[in-house]
Amino acid sequence: MNAAVIFWGTIVFLALAALAAFVLSHKKNVSNKVMSFLLCAIAAGSLSALCSTGFHSYTYVTPAPFLLGVFPVTFRLDGLSRLFSALLSLILFSTGLFSPGYLNHLKGKISFGQYWVSFFLFALSMYGVVLSADAITFIVMWEIMSLSSAALVASDHSHHLVQKSALIYLGATRIASGLLCGGFLWMHSLCGSWTFSDWNFASAQAIFPALLIILGFCIKAGVWPFHIWLPYAHPAAPATVSAIMSGFMIKVPIYGLVRILVQGGLSAPEIVNLAFILGSVSAFWGVLFALVQNDLKRLLAYSSIENIGLILLALAIALKARAANLPVVADIAMTAALFHCLNHGLVKSLLFFSAGAVDCQAHTRDLHKLGGLARRMPWTMASFFIGSFSICSIPPLNGFASKWLIYQSLFQSTMLFGSYIEKGIALATICLLSAVGALAIATFVKVMGVGFLGMSRSHAAEHAQEASTGIKISQGFLVVLCAGLGVFASHAVKFISQLSLMSPDSVAPATVEFPLPMPVLALMLFSTCLVIYLVFLQSSKVRIFKTWDCGFGALSTKTQASSESFAQPLARIFRPFLRYETNSTIKGRDRRHFPEEITVEVKIVSILESRIYLPVLAVISLIAKGLAKLQAGSIHLYLLYVCSTLVILLLLGTVL
Amino acid sequence: MMSSVDLSVLSAAVLACLMVGTLHLRLNLWMYGATTMCIALATALTAQTHAEINLICVALLIAVLKAAGIPLFLLWTSEKLNVHRDVGAMIPPPLAMHLSIGLLALSFILTRGLPAPEMAATGWYGAAAGISLLFTGLVVMLTRRLAIGQILGFLVIENGIYVFALTQTLGMPLLVEMGVLLDMLVGVMFSGLLVFRIQKSFEHIDVAQLTSLKE
Amino acid sequence: MEFFASLCAFPVIGAALSAGNFRIEIVRRIVIAAICLQAISAAILCSPVLLESVPILRFTADFAVDRIGAYFLMLTNFVAACSLSHAPTFFRNEGLFGGKVIPPQHERLFYASALLFVLAMNFVFVADNLGLLWVSIEATTLFSAGLVYFSRDKHALEATWKYLMVCSVGIAFALLGTILIFASSQHGAISGGSLNVRELLGCASHLEPKLLELGYIFCLLGYGTKAGIFPLHTWLPDAHSEAPAPASAMLSGALLNCALFAIWRVTELVRLTEHHGICESVPVVWGALTALAAGLLLVHQYGIKRLWAYSSIENVGIMLVAIGLGSPLLFFLQALNHSVAKVALFLLSGNIIQYYKTKDLSQIRGLLQVSPTGGLLFAIGAAAVTGMPPFGAFIAEWLILAKSADATQGIAVGILLVALAVCFVAVSIHVSRILWGAPKHEISQLGGFSKYLIPSLLCICTIVLGLTALPFLLVKPI
Amino acid sequence: MSDANVHLLRSCAHWILFVSCVALVPPLCLGIIRKTKARLQNRVGPPLLQPLFDIFKLCRKGETLSSTMSGAFRISTVVVLATMLVLAWMTPWLSFKPWSPNADLFLIVYLFALARVFSLLGALDSGSAFGAFGASREVTLGLLVEPALLLGLVALGLFSGTSDLRLIFAYHQIQAPGASCIPGIWLLVGVSILLSSLVELSRMPVDDPTTHLELTMVHEAMVLEASGRNLALIEFSHALRMSIFFGLAAQCFVHAAAAVWRMNALTHGLLNIFGICLIAVSVGVLESLSVKLQWRKVPEFVAYVVSMSLLAAFVAAGSGVAKL
């Protein structure tokens, strides 16, 4: 059992599956069940293969006929790639469980043939990226990943908005890969090799390629201020796709950062500080905008931005600590980053699955139309709630464990860093993190309360049914994983920290302890709950009556808090960031006392989009228009171009 | 001192410059014919001084095909389409003429830098004449609006290049020379045919109005 | 003699037969047979160079073919074979789809001039003499003008006239350049001078530098006009969009290569002298700028074939960079991948235009709905031509970028990366609009799979080029 | 008598004492506050343990649930109380406590968050507007107060070189080779914990628990739909939360004092209880003297608290003795 087996087993099987889907799609009978089963089987197979390979690191180079043009495909299977491909396998497996039940409600909207072909290619390319050991393999797989995911985002391409989102995503990801190519080529001209392990970022002139690479990765990961594409792409895509994109694909850049920059020994303070700033800002920015969203999946997308920010922050702390020669802190931060990748991957797919279940049962993702699902879809509610608790890092779930590690690394660096400025920054970051955590709580309490509790706000939500069994199973699977990783965090942390991530071939792998008594805590909480329930509530006489309405008669859903009104006090506080505006108009005779119609409209402007990105695009298209003016159609003009070019060339000839 | 070859090519250049001055197609074509005759003469003289047998036949070919055939063909075309003068140039003809005379002077300056040819009889007079013919041709192509005018300009350019070749390198290998000549003839024939089609579909041959294909 | 026979026989006979008035169906068969035989015989002709390690195969004093020439000869004939064997289907469908019916006479003429055009292009690669090289390039202009002129309407006339005039002036400059090189060879290097490429290469260091440099500049300008480098590209979009699809496929897939090949011949010569500064930095930077300009020009496009014309300009820029880097095989690799993908795209665009009865991009929507196969092939072609992996063009462009990065042409690399990104985004905007959504009016599906036969073959080729070691065999000598 | 038995006895005594404190101190705090307010208003006021009697009374009543409620409502009450009990067990709010596992300060803060989340869900479950008002304000206060609390505890952790509250508040910490500013830090942190507890528990000046206009209320609005045993559990857990906060504040003050005057464990424990009562009294005084802040002004008020604990944290980070 070695890298070759994993490579062939996974990649080739996925390729074959894609081929099968392609062939079947011409007969117009692609069975979602069969395809999902294939997906589950392959994911489970690769997972078991991964587990059976032990801890050694293999490198595998494809033999001569299987080349990418000129270059061999080289793979490296070590702790890092094991971790990520295991996560990918888990997510793919649950997606396979989830798909058949979910895709049914897209019947007629999307062509399943195209969907499955691009889906399998997507899965293949993601495995390829996290297994790749050199720049060529990496960039090839990376581009396939971008193209196939864009195709998946555009699955339902009859809507104009979906097309727009897919194009924005394509553009963003192409810019990212352009920057990456620049960085890779630069590194190649510096180090004369395509293999990541030969690249050394410690040298002074490697700072510029490092900058290009980190920018490219940040764009793909949706880090502030490059996160614009993310809130477009996730709502547009089917839930399965957004689950994988948000759960794994935006972690792939993190993998790249660790594999290339961290293991390449990056220590340039400029880059590290840049990563630190970007990470903390996007953690805050993401959660802040998540708070004021009303589309369920858009909100989840923003929360992904927050979590990616946290991960990047942890990475930056690790690099800082390594540069300051504090290996203990560095190991804690590194473990925190990767553990958070794992947790967020699982949790976010869980949340997107639940959102998808809601979408296909209540036929809407708009929080203004949801509500009261708790009584109709208890399973979905339960899994969504647990996912939300975990992403709010509520103990004893896994979200808390990784958040605690991040806190701990900051705490330690506050104590151990030499300079007072560093201490101060670390403290301020602790403060920021706690604020981010509280905002996340606010956001997800809003979703849970407005989306699932209370009265239904629309007819569709009124008549939603519980999702199908497959969906429930997939959610349950992920819930168990989340809870397990939370309760047995100490083992997970020790395992991850021993994957020797900071430097791939260090002799003594670090060990990070997770001292919190999670199992005891969970046990205590559970048993206390049980006791209290049995002692007090079980035996109490219960009378069902309507909610208190101040004697006005039946409450309507209008009197319930909407998602906007719930978020309003917080949005007010952060008005300058959000450009938060409410303009309310009251119609009616003597408006204050006898209102007939009251409309309140909340406006939130994304400054980056309106102030930076759109103007830049406008400038580019202006240049293009100007250039097109040259093609004016007059042949005399064209001949003049020839003559003037001749003159220019002759002048150049005299110069050179 | 100035050899007779120089004299003939220079007169060709001057004739071409004068040609720019008028819009009368017939006159233009005759003057072009005269220019080309001068060039044929120059070729013959070179052949005689260097006893190059194949230059003789090149000279003959030029005299027959380029100096007589092409002008007659174009003349016939313009008669068929009954266009007798260009509909007007981008810049007024006298100005264009002075421009090309100025360019003639400029070409003397430009070609001074060129190393003296090894074997050809004549020095930079020939080169200057050739370059100035090239310039003149460009001026014609850039200023004339009629399709025929542009063909004429192209022919002048081609003459210039030939003169340059003749005076700098004593003519190119015969095979190449033939190929060039053939290509040029086919080109002129094809563009003449195009001129007919243009007249047929646009009711004019003013190429400055052909601007429908653009961004 | 057998050299001329094996190179000229089939095109000439085919042209003669197709010009003669047989029934059009027979003519179509004759043409396909002729072009395929031509490809085969050319392959047999250069087999020693391709298979055995013969560096150069000399036929006569002025005709010889070396390795790179042989590669290009193969490519050109392959492209021509693909386009011309698709042409009959194309013309048949023209009639079927209720577009205007084409008089058989025009079609015959088209085939005749196309075959002669191919012949001329073949001579570009076997001419071992700069003068003859020039002659054959000029000949390609004349014959291809006949193809552009095909539909005989106002636009076609305008395009043809511009094509003819701009290219002829450019080519005239190239002739001057050739003469200058000839003159430079007379200065002591070779008594009486010579245009023979081998002789010139042999005594490159003795050539008179000033004349040589001048000659290089004029040739670059002249052949550059034919290749469509940025400010000289003006004729290219018009000609490509007005010619019928198979013709534009040949123009873009074969003709541009010929012009660039001519530039390579001269560059190769100048590289050997000690003043080779001009033939390195100038083409590299100019090529990168061309690619960038083409990318920007792609942004606001209205014609489906103009789109691909501009993307051809972009690829010409990249190839020019490869030439400037002095690596013929990278140049060929890029040309190969570009030609294969671009031919597929032009042929498919022909089909699309027949479906929607318009070239206007704003009218073409929902191809995936109208014809999934066509949509898939179109997407593959677009991805391939914009240099996306796993298609061949990616490998070629990556190699070129890497080489120029190692040659410390940092600026060029930067410009190229930007250009590639811009091109991809622009193309993907247009292509996604073509593919997605629903057609604006009912589209009638006509014709069988035959119209997709050649394009799908070519798409498979691009994937093979990207995913197998095929390029490896070519680039090994680098 | 072997010392094993002595040890056993001592731990039993610990447990009994602790459990009785958990049962009695919370109602006592409430009682003291009410008593003080009554006295300051020249009333006799209810007996000190009245809140406890109220809770017993409520437990005898049945509860009324809304028809729109899902299971979440009752579950939330249970979970909140359970969390509070676990917190009471883990947090060193009393100097004499039986054995408890690692009470990491981040864990403690996030356990409070757990309780808050569930109370919010309970409030939102009925779909009544009041619950939602209360919830959205509570969540806002939570955002404001969490950094203050966390930083306060971090400040303590920084100079103790650990994030485990058991060690931070351990008695021997006082004799730690600390700089002179340590009592200052204790004081600062104590005050900031106290003030943030006022916000967290939605008492004056942030919110008036006794007002009758539901729109202005936070906690009372949230529990509007609760009744009977449910209400009893909610009230008790609220009171327990209050006493945990007061206990932490008192601990800080006592440690500040202990850094100056030596004292043994017994006096320490007594001072701790006494401190809690004293804080309750002072809160009562504050509530009867001060007026409720305008809602918009609350962030400013909390800003002071945050800056206070930030200051404490900076000082601690500066003078911190790094232990690992």
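Before moving on, here are some points about what is shown:
Here the chain labels run A, B, C and D in written order, and each chain numbers its own residues starting at 1.
In this text, a residue touches a chain if its C-beta (ideal position, glycine included) is under 8 Å from a C-beta of that chain, and two chains touch if they have at least 3 such contacts.
These figures come from a predicted structure and were not determined experimentally.
Among the chains, the centre nearest to the mean of all shown protein C-alpha atoms is found for A.
Comparing chain pairs A-C and A-B by the number of C-beta pairs in contact, the larger count belongs to A-C. Farthest chain from chain A (centres taken as the mean of C-alpha atoms): B. Taking each chain's centre as the mean of its C-alpha atoms, chain C lies 80 Å from chain D. With each centre defined as the average position of its C-alpha atoms, the distance from chain A to chain C rounds to 44 Å. Averaged C-alpha coordinates put the centre of chain A at 69 Å from the centre of chain B.
Averaged C-alpha coordinates give centres for chain B and chain C that are 31 Å from one another. Contact with two or more other chains is made by residues 138, 141, 150, 207, 210, 212-213, 215 of chain B. For chain A, residues that reach two or more other chains under the stated contact definition are 628, 630-631, 635, 639.
In chain D, no residue touches at least two other chains. Listed in rising order, the residues of chain A touching chain B in the complex are 628-636, 639-640, 643.
Across the interface of their complex, chain C is touched by residues 25, 64-71, 111, 113-114, 136, 139-140, 143-144, 147, 154, 157-158, 160, 163, 166-167, 170-171, 174-175, 178, 181-182, 185-186, 188-189, 620-621, 623-625, 627-628, 630-631, 635, 637-639, 641-642, 644-646, 649-650, 652-653, 656 of chain A.
Note for the complex: chain B touches chain A at residues 90, 138, 141-143, 150, 207-208, 210-215. Those residues of chain C lying in contact with chain B across their complex are 62, 129, 131-132, 134-135, 138-139, 141-142, 145-146, 149, 152-155, 157-162, 164-165, 168-169, 172, 175-176, 178-180, 182-183, 186-188, 192-193, 195, 208, 210-211, 237-238, 241-242, 297, 300. For chain C in complex with chain A, the residues that touch the partner chain are 161-162, 165-166, 169-170, 173, 213-214, 217-218, 220-221, 225, 231-232, 234-235, 237, 277-278, 281-282, 293, 296-297, 299-300, 368, 372, 383, 388-390, 392, 394-396, 398-399, 401-402, 405-406, 408, 413-414, 417-418, 420-422, 424-425, 428-429, 432-433, 435-438, 465-472, 475.
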